[in-house]
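The structures considered in this document are given below.
You will see chain A twice below: alongside chain B first, and alongside chain C after that.
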Partner chain A sequence: MAKKPLKRAVRNNLVGWAFLSLWTIGFIAFMAYPLVLSLYYSLAKVTLSGEGILVDFVGFDNYRQIFSSAAGFSFLQSVRDFALEILFKVPVITVFAIIIAVLLNQKLKLRGLFRAIYFLPVIIASGPVINQLINQGAATIPLVEELGIIDLINNTFTEAIAVPLGNVFSELIVILWFSGVQILLFIAALQKIDRSTYEAAMIDGAGPWESFWKITMPALKSMVTVSIVFTIINLATFSENKAILHIKNNMFALETGFGFSSAVAWIYFLALAVILGIAMLAIKLFMKEKVRR
Partner chain B sequence: MKKHSKFQGTKINPSRFHPSQIRYLIILTPVVLFMLLPLLYIFNHAFKPLEELFYYPPRFIVERPTLANFTRLFQVTGTSGIPMSRYFFNSLIVTALVLVASVLISTMAGYALSKLNFKGKKMMNEVNTLSLMFVGIAVTIPRYLIVERLGLIDNFFVHVLPYLAVPVGLFLIKQFVDQIPNELIDASRVDGANEWQIYTKIILPLIKPAIATIVILSFQTVWNSADTSTTYINNDLLKTFAFYMNTLTANTNGVAGQGMAAAASLIMFLPNLIIFIVMQSKVMDTMAHSGIK
Partner chain C sequence: MMNPNVKQKIKHFLIGKNPSEGFIGRIVTYGLLIIIGFVYLYPLIKMFVYSIKDLEDLVNPTVDWIPTKLYLENYRTSWIVLNYGKTLMFSLLVTLVPAVLQTITTSLTGYALAKFKVKGRIIVFALILITYLVPSQIYMIPKFVLFDKFNILASAWAIILPATFGQGLSSAIFVLIFYQFFRMQPVALDESAEIDGANQFQIFYKIGVPLALPAYLTSFLFSFVWYWNETYISSLFLGENLYTLQLRLFNFQSQFNLATGLSQQAVNEAIKYSATILIILPVLVVYIIMQKWFVEGIDRTGVTGE
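What follows is the complex of A and B.
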């Protein structure tokens, strides 16, 4: 009797790791090990030559350089810009995705078609097409600029706020294109709500607004977190992100090289961890305040 | 009566048109236009004569459609030694292998990390969440070293292997597995199902929307990626279609190159659209129908 639970625990471990094994092998070979190597390179001066890679250990020099050189400053600036951009874009994407998901969960004629069309930008936002669209300026709404909203923003706020806010407006369409997966996540969560709950609430005299906060939002709670994590990661690893371009450009640059570029990548990683941490905290506080079952 | 009509949308009514749907349609329809813009742009852009390609501000709709871009593209393909079909076939095999293998690997891992109990589960979950934040480009050089050390340079499978353990894929899959109630799994365990049966008979059918999403997303990455061909492959016979398309348009500089690039991106984009159309009905397959409440 005393032996059985132990056996079961061993068996559980075996089964668990068996399911996870293929992924773990792939992860170690192509993610974890390269990451460790890049951490090592970030502490070295790396030179690529015909004979191979020369690694010259320099301690924290690369990190010091980030905070003291022009290349480093412009990277730090792009991280700051990205953080501000997140501050505006993430709430917009999340709120937009929730609204659309709620609408697409209603009984509608042609609902399937609508859902497909709202999900369609996924194949554009994750492909090379989006870069082309943005580069050619096809993604901005000319109307927004014509209405003078950008000027209004520039005149009302200080530069630190006006620039990202202006970006949000001029990239409004792009923001919509980046919400496909988030809409899908929310629809999946909404479908778990029993429709009779709404009817019961209605009989008890709850209006649509109350139903939304008391029934819909609690059900979406965990997905809000997931969607925000996904949005931040998606925007942070987007190939046209300026911070990423810094990592890419420094990689083969003569003066800085791969060592510096690795250090930049690790600083970026830390910055993202902090941003995600703050976002999680904010969402937790907001949910506590607003959403109670 | 007024209150009652507010809730028509949530009744378990077959989807036929009812006037109460109009207010949803009023919000949904205009945004649909924005969602379809990129599609409109790609198709129109490929058929634009050269002077229209450089209009500023860019226009979405082609005024005088022409096939000149395609003719020019195919003229250039005729001059290269290796037939275009070879590259296309390479890409087809690579993409198919990645899709099948990565779906298998990430669903198995997602099931383990969500529903199985074993030592190290919590740690692996955190490892995956952390690695989400690390950007892929930063590990380009370490990855190259590993591929080289494993003797995989100029090996066809090097197109496939780096895409098999992708943190974002596992992250999304796990969120959907989390939604499956434990009671369902416990019930089948009582009925004598083992873990593999639970995985194939319960988990896989229930997370079809997530699988379809992953298929669409990883198709994007793999099909459009020229990176593995540039970095790991020297043998021209083993390179991919995306690489071929890139070199074609990059080697033709100037104005004509732009037109060819537009035609090439339409050709590259079409398979994405086809996959999307095939998979999207599964994406939107409601979880509610599959017994999850």
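What follows is the complex of A and C.
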């Protein structure tokens, strides 16, 4: 049989998949397979014993348990708290990051130094370090308590809203610690705007406020979405997140175990998907309303 | 009465042609940046100042920002409690190695997606996005069981292996960075190399990689930092006998008791702060040296998407 050179398209495919091979193996072994297994576990009672793991199929029992047991209830509560927290934290982080990015994008002296400082959080914000900051009180603004803002919030709102809102204020600095990457994203987007656009707008009589909404914001539009998705996922998977701790603690708890914990994780994923969906919708509506008019 | 010309000049000076360039605008800009920047630096400064205070300075209310002497005993204690030398080595092992391997694999993946019109490209993209969106907690448990079967639990392999196959920390983001970067490279270069007789792997190695150096550096640095700061995966997979520095900090109180034999109450904030500083230090050093690459890397890699 004569060896014919392969057609270009076929060869391209082969070489392409050769480059993809490592990722493909990884995806199957460390992502697809565990995901399927996790779905299976969530429908079973999993017990660890000396010989290995025993998997006992129980149908939707674990899911039912989430909505009927104490462990499940406290998980659901932490998801609700998280959703409310996001409602306050995400806008704060996004607006803050945009403001800082706009400031840092100007012609500044010591711009490098400022940027370096504002990027610090990304470098050192790990779970234990942030915990340390919170515990040692290095992360609160004394002013917030002195002005009685927390009291004011507690008196004005019902508990369900007052607690997360109060958290936002008392953890204001910690929240800022979560906006390093977002600031970078916005700076990158801002640098793509031609400065002459602003000059042209100014000649046409546009003030800074109009320029911001008509030039800056449209340019940041896609980045706002990226940044919000990143923020939500980042907050949702932060290792000190209460819902995450639930999943982890239930793994090795005697009465619940892997099965229940897997079910909790899937419910958490669904909740996260819903939250992300709502957020995307909200961004879309907001952008339609405010930007590009 | 003021001369209108002077008035104009003052106005120009204060507000400028463009508000952000006027004097007032400048003051507001710098003021905000300095104040908010201070918010970030404040905990660091506080931690550092407290970490060099001895017990006397700590309880003395008149000593606040300037300790009476440089007291390094806290650092010695933390060094012992953290078992710093050994733990640092292990931390570097589960940080540097996965960061390098993850960068290589994700670059191969990004290259394949950018340069070859492989069949199923869209599906691969979708799957990569999914891997980013699915919270790792969902597949952590089966992974745990899987690793247990492979006997790589409680060893550095549990961290290194997934990174090798492009399933490490935030791998999806790095694939996208490389995809964007390789896509921007002119095809003409590859074609001329091909005419000169280079095969696809030579083209990748000789043309793709050198041109994508900024993307490699950025990805490596982010990988490094994220692996360094990671605690969830490592606390789960490394078990109770292997510690990274972050995990030691997390259990500092009980570790303190074990290492010194003193009661946990003897841990004062100065000691804790010094431990935190010791843990931040390695990344801080890397950051200071490579600061430019961190901040400019994102622009250069074009993650913003054209």
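As a working rule, the second predicted complex is superposed on the first by the 264 of 293 C-alpha atoms of A that agree within 3 Å, B and C clash if a C-alpha of one lies under 4 Å from a C-alpha of the other, contacts with A are read in each partner's own complex, and residues count from 1 in each chain.
Keep in mind that, in the parts below, a contact is a pair of C-beta atoms (placed from the backbone, for glycine too) under 8 Å apart; a residue touches a chain by one contact, two chains touch by 3 or more.
Since the model is a prediction, treat every value here as computed from it, not as a measurement.
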| item | value |
| --- | --- |
| Fit or clash - chain C, chain B, common chain A | clash |
| First (chain B), second (chain C), both or neither touched by A:235 | neither |
| Partner chain(s) touched by A:41 [first = chain B, second = chain C, both, neither] | both |
| Partner chain in contact with A:84 - chain B first, chain C second, else both or neither | neither |
| Partner chain(s) touched by A:58 [first = chain B, second = chain C, both, neither] | neither |
| Partner chain(s) touched by A:162 [first = chain B, second = chain C, both, neither] | neither |
| Which of chain B and chain C A:282 touches, first, second, both or neither | neither |
| First (chain B), second (chain C), both or neither touched by A:194 | first |
| Residues of chain A contacting chain B in one complex and chain C in the other | 12-13, 15-17, 19-20, 22-23, 25-27, 29-31, 33-35, 37-38, 41, 53, 99-100, 103-104, 106-108, 112, 114-124, 126-129, 132-133, 136, 138, 173, 176-177, 184-185, 187-189, 191-192, 198-199, 202, 207-208, 222-223, 233, 236-237, 244, 247-248, 251, 258, 261-262, 265, 268-269, 272-273, 276 |
| Touching residues (chain side chain B, partner chain A) in the complex | 3, 6-17, 21, 24-25, 27-28, 31-32, 34-39, 41-42, 56-58, 60, 104-106, 108-109, 111-113, 116-121, 124, 127-143, 145-146, 150, 161-162, 164-165, 167-168, 170-172, 175-176, 178-179, 195, 199, 209, 213, 216-217, 220-221, 224, 265, 268-269, 272-273, 275-276, 280-281, 283-284, 286-288, 292-293 |
| Residues of chain C that touch chain A when the two form their complex | 17-21, 29-30, 32-33, 36-37, 39-44, 46-47, 105-106, 108-109, 111-113, 115-119, 124, 127, 131-146, 161-162, 164-167, 175, 200-201, 204, 225, 228-232, 235-236, 246-247, 249-250, 269, 272-273, 276, 279-280, 283-284, 287, 291-292, 294-295, 298-299, 303-305 |
| Contacting residues of chain A [partner chain B, same complex] | 12-17, 19-20, 22-27, 29-35, 37-38, 41, 46, 48, 53, 99-100, 103-104, 106-109, 111-112, 114-124, 126-130, 132-133, 136-138, 142, 173, 176-177, 181, 184-185, 187-189, 191-192, 194-195, 198-199, 202, 207-208, 222-223, 226, 229-230, 233, 236-237, 244, 247-248, 251, 258, 261-262, 265, 268-269, 272-273, 276 |
| Touching residues (chain side chain A, partner chain C) in the complex | 9, 12-13, 15-20, 22-23, 25-27, 29-31, 33-35, 37-38, 41, 53, 99-100, 103-104, 106-108, 112, 114-129, 131-133, 136, 138-139, 173, 176-177, 184-185, 187-189, 191-192, 198-199, 202, 207-208, 222-223, 233, 236-237, 239, 244, 247-248, 251, 258, 261-262, 265-266, 268-269, 272-273, 276 |
